[in-house]
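Here the structure comes first, spelled out in structure tokens, and everything after it is commentary.
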Amino acid sequence: MRLLVVNPNSTATMTQKAVDAARLVAAHGTDIIAATSKTGPASIEGYYDGAMAVPGLLEEIRIGEAAGAQAAIIACFDDTGLDAARTMANIPVLGLCECALVTAGFLAPRFTVVTTLGRSRVLIEDLVHHYGMAHRVKVRAADIPVLDLEDDHSGALDKLHRQIEQALMQDGAEAIVLGCAGMADLALQLQSDYGIPVVDGVSAAVKQAEALLTQRLTTAKRGSYAPPIPKPFADS
Amino acid sequence: MRLLVVNPNSTATMTQKAVDAARLVAAHGTDIIAATSKTGPASIEGYYDGAMAVPGLLEEIRIGEAAGAQAAIIACFDDTGLDAARTMANIPVLGLCECALVTAGFLAPRFTVVTTLGRSRVLIEDLVHHYGMAHRVKVRAADIPVLDLEDDHSGALDKLHRQIEQALMQDGAEAIVLGCAGMADLALQLQSDYGIPVVDGVSAAVKQAEALLTQRLTTAKRGSYAPPIPKPFADS
Amino acid sequence: MRLLVVNPNSTATMTQKAVDAARLVAAHGTDIIAATSKTGPASIEGYYDGAMAVPGLLEEIRIGEAAGAQAAIIACFDDTGLDAARTMANIPVLGLCECALVTAGFLAPRFTVVTTLGRSRVLIEDLVHHYGMAHRVKVRAADIPVLDLEDDHSGALDKLHRQIEQALMQDGAEAIVLGCAGMADLALQLQSDYGIPVVDGVSAAVKQAEALLTQRLTTAKRGSYAPPIPKPFADS
Amino acid sequence: MRLLVVNPNSTATMTQKAVDAARLVAAHGTDIIAATSKTGPASIEGYYDGAMAVPGLLEEIRIGEAAGAQAAIIACFDDTGLDAARTMANIPVLGLCECALVTAGFLAPRFTVVTTLGRSRVLIEDLVHHYGMAHRVKVRAADIPVLDLEDDHSGALDKLHRQIEQALMQDGAEAIVLGCAGMADLALQLQSDYGIPVVDGVSAAVKQAEALLTQRLTTAKRGSYAPPIPKPFADS
Amino acid sequence: MRLLVVNPNSTATMTQKAVDAARLVAAHGTDIIAATSKTGPASIEGYYDGAMAVPGLLEEIRIGEAAGAQAAIIACFDDTGLDAARTMANIPVLGLCECALVTAGFLAPRFTVVTTLGRSRVLIEDLVHHYGMAHRVKVRAADIPVLDLEDDHSGALDKLHRQIEQALMQDGAEAIVLGCAGMADLALQLQSDYGIPVVDGVSAAVKQAEALLTQRLTTAKRGSYAPPIPKPFADS
Amino acid sequence: MRLLVVNPNSTATMTQKAVDAARLVAAHGTDIIAATSKTGPASIEGYYDGAMAVPGLLEEIRIGEAAGAQAAIIACFDDTGLDAARTMANIPVLGLCECALVTAGFLAPRFTVVTTLGRSRVLIEDLVHHYGMAHRVKVRAADIPVLDLEDDHSGALDKLHRQIEQALMQDGAEAIVLGCAGMADLALQLQSDYGIPVVDGVSAAVKQAEALLTQRLTTAKRGSYAPPIPKPFADS
């Protein structure tokens, strides 16, 4: 199996982190192929960055699918461009938020997502609502700029710890979901620190992609995700 | 007041139709300025077209705001790019779906949105759900390619009539919302034909934009819609 | 255009305050006509006052419509009698709560309503739920008797400030809605104090009334809001 | 125990029918006292009639409570004035819709309310939503003017049968709720005709009133239903 | 009338407490018959205990119905086995949680359930959601092992007081529901202590059972609760 | 990896069918171990069968875990006993309904579950609601007794086809979920017949179990799923 992990931002160290997390859980025989957006922002923090990242993201999926990728993972917790990608591609496409939420859902009736900046909190709350989990999930922001996660001395980890502790004490969280692709390397350590399930979206998405392929399932092409109707674009 | 109407697709006749509808309801002293996306698809039919249209749309809003526009209207019923535009711009930004739904909501406890293609039905249902109107609104697709609305001999109007009649008979609709910017010229005639309120999103959005400006209200810049954090893009 | 602003309580200073707020935002050429209920309570605080105010309110709308009013605004944040008025009248009828909620909804994904007495909190929460905004809106009461808003030395403004500050800190509010017609004169100052959108329902309703009239839209008369069936009343 | 059954409309034959239904299920030792509104409409069909009926209804409850009634039942399926009555009275107040819905809820996970006129359908749907049963309950209108229920030759019963049959076939209804006080005499016969539970709101409300009294429970007076604050009314 | 109160756990003192509460509110002429599960756990604390208690519970209802019981009450606040019992029995079956929630719902728009252990909080929240009351009800756990309620010196009552006080201050609770059958003897005292309605599920269920029987209503046997299809069990 | 597939009913041919489906998708190196309930009903059709099957099901999971199983799958679409099993076991436990719903959720925004008997429709609708998918999913029953699926000449397959076709035409379904473990062998053929994704719960659950184990995730043991508190059972 060949799985494409696309980082919709243009920070290569984040791509590498996602790929590392992906390879850690990939099945024997699964190839993880990475792509970094050639036109995206350095990080995705809020609605604007997310929307601007989509064309570059879709382009990488198109290239990857043409080159033989059998499923694609959008390595951003905002699930930016997910519906568009499912429409465009013939291979399954997975988003970190949806995959992480359903994975945590198998483990705990109540859990908390800890994300980076406050501006992303409502965006993720709305995804949680869209995925039907609003009655089960709370969202917290740790006030961490995304790229601080790439810097060991930024204090990001301390802030993350503090929010997890508050989630346990105040939210009644029974598990934690890490709400940013840049936190993918922290899950196992945090799980061990706190003795509760800690779900990383990249890992979760890799396993969902493999699961769909093994079951010979791919995106429905009847209705909402029918292939785009070929049409001219103004700049083409 | 200067209101910018941005057509996120690249079909100039649709821009003109939206502008005509806008001018019909604009207050004395309101200037309607039009922009057509320079990079968008010829029409927006489904998730892929909608996502690909966003950067061109945002660019027109940025240009328009710099040139003195005081509010912007995204002339597409899918409200594509709405959150991103609100984040980027300092002027209020309105989408047709949100404006039409709340307008119809003042007139009838139950109503039906009639849109173009079946592939857009779920997308609009999810917007309706997001705007909190799922218990009040049904969505129907008339199986009309968007550009057929630009062609008087396409049979589009007949299909639209048929869906309105089914909405009245089967959905218990008490009013109708036209679910495509390309239907903006049809509202008054249909309202007269059926004797029920028929809401067009372009008109509704113009009045909401004027309403906000007169009240000296603009997008909240605390939290979710805080201005984008300046950062490099890979291709810049 | 002639817009009727009906104060369903019988305190004339509150009527005046609503009229002042209405005139501040009314379009050139819009006449604001005022009416004060001839049978209502001195203020509307909770379910009982609200229900008892309805017949007097409906009577004023009937008189106003007969005298040429083209739309009516019920100047009470509880939207008391709104469905009944829409049924009775042939002109559009607007309520402050519905108008303020949708207006704030264009500006911020999360916001807080600050109302007067604790006994009105659940009533407004239920309106918020009815209007489909429960996932976006919190409601706070500032423990202010309504008529204290008519007295500059009552300390009401301080209490209001305190609740706004708590909304910002604890609710993650990105905008504020003032939850009482008697606060209509405070919006601009509070907006300036806090640097966030502050929405007043009277102003919002005036603009919605104008918006509907310009679009030649009025209440649906098919189904729920069909005109009352003429019938005898016991005391007539 | 003394239970007051108030008919908020002014048709005495409907009061009698409600009282008969009430007496049929009242416990040994429960006195059913009847009151007919002295100012209400001849029947309650839609929002306007309902709102206009409230002051006369509240007056009867006040008189009844002063005369020793220990609980009051509002004999109208629209639960008109229910929150106001609970605020005003110190005795428990029950509405037919709420009582019938919870009673049917003990018997079947899915059921249908059959009401009179189409204009009342949405009003009752919104009550169902308010009471948290929207996922379990459908509402149908039989196109019966309320007073036709007082006339054996009006064809009302046939129309009711037709809707019950459609509820069984199309809605998957497992029980039926009769959605008008004027149908109170039909429940047992329909239950026997169709072999499914048929719930009448008057009977249900009598038993709930007795249940609360026996448990020494009455309306909460902390918060939403706190006694009205004494204040002048304009016409007093 | 003969009402069967089944304690699905095997602690006889809890059965006795439930029976005492039941007899206190039972109508003249209602016989309360008690049964204690012969195979259940000593107490029901969480999902596992609840599921394991069901066969013994169903067996007692079967025996009771055969011996002439006309309705059955499952004396556990988790409503464990309720749907199965309704399917199996031809008599109405009531659960404490459903009965207490609807009873409190007649008295207050917002209230709080106080239960025993934290592990039961989410279970009850999910019941509240299932019964459609999530927008009205909060759930608190007092950290009381169920059997501590049988021991006057366990400190359980103090913990319960503390949670009720927090519910009043922090939740805006206007009434309290006692969330465990083992608290049945405390309702009247707590109601008197705090001056707010305090609902006990056993009492509530007795009155609902009587109410259904007097109305000649029983479980719908069309659809979801159709009698079990006779079939072999592996161990029979 | 050793995955335990427990059939909570006692029909060995159904166990075999589930095991066959499981092995078809199991990863290289995953051992599928089967268990058939020693005390369950011959099939699970509705609430009663489901509740009675739980103790035997839990016993098999206990035995399996002790024998080294690393995850357990409850091979019944009703997810009967799922919460209890997660509480009891230290290994992850998966249910077919939850796994199938989330799997289909990656493929299509709207889909339909086709189950066996009408009596199971509401039960599954309530699961869909519980899992937060009520806005996306419809449930249909094909009127097939479960054991007819074991008999090639029962006509079951024709009935199933008919419901799938109606789901496509009437529900707007974009994918299908097979709502019974006994349909596990039909997914690939139906997928090929209709050209849409067809999801089988057994396959989906196997992949989820593997996914969790590879990610070193197991059931949260803080809060709702904390291990049962050791206590006597009446018959032990």
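Here the chain labels run A, B, C, D, E and F in written order, and each chain numbers its own residues starting at 1.
FYI, a residue touches a chain if its C-beta (ideal position, glycine included) is under 8 Å from a C-beta of that chain, and two chains touch if they have at least 3 such contacts.
It should be emphasised that the depicted structure is a prediction, and the values quoted were computed from it without experimental measurement.
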Any chain in contact with subunit C as well as subunit D: B, E
Inter-chain centre distance, subunit B versus subunit C - centres from mean C-alpha coordinates, in Å: 27
Centre-of-Cα separation between subunit F and subunit D, whole angstrom: 43
Rounded Å distance between subunit C and subunit F, as computed from the means of their C-alpha atoms: 51
Shared-contact residues (touching 2 or more other chains) in subunit B: 83, 109-110, 118, 121-122, 126, 129, 134-135, 172, 223-225
Pairwise touch network: line, ring, star, complete, or other: other
Touch list for subunit A against partner subunit F, complex: 25, 27-29, 83, 92, 94, 98, 102-103, 105-111, 131-136, 168, 172, 174-175, 188, 191, 195-197, 199-200, 203-204, 207-208, 210-212, 214-225
List of subunit F residues in touch with subunit B within their complex: 109-110, 135, 172
Interfacial residue positions of subunit D with respect to subunit B in the complex: 118, 121-122, 126, 129, 134
Subunit A-facing residues of subunit B, complex: 10, 36-43, 45-52, 54-56, 58, 81, 83-84, 86-88, 118-119, 121-123, 126, 129-130, 145, 223-226, 228-229, 231-235
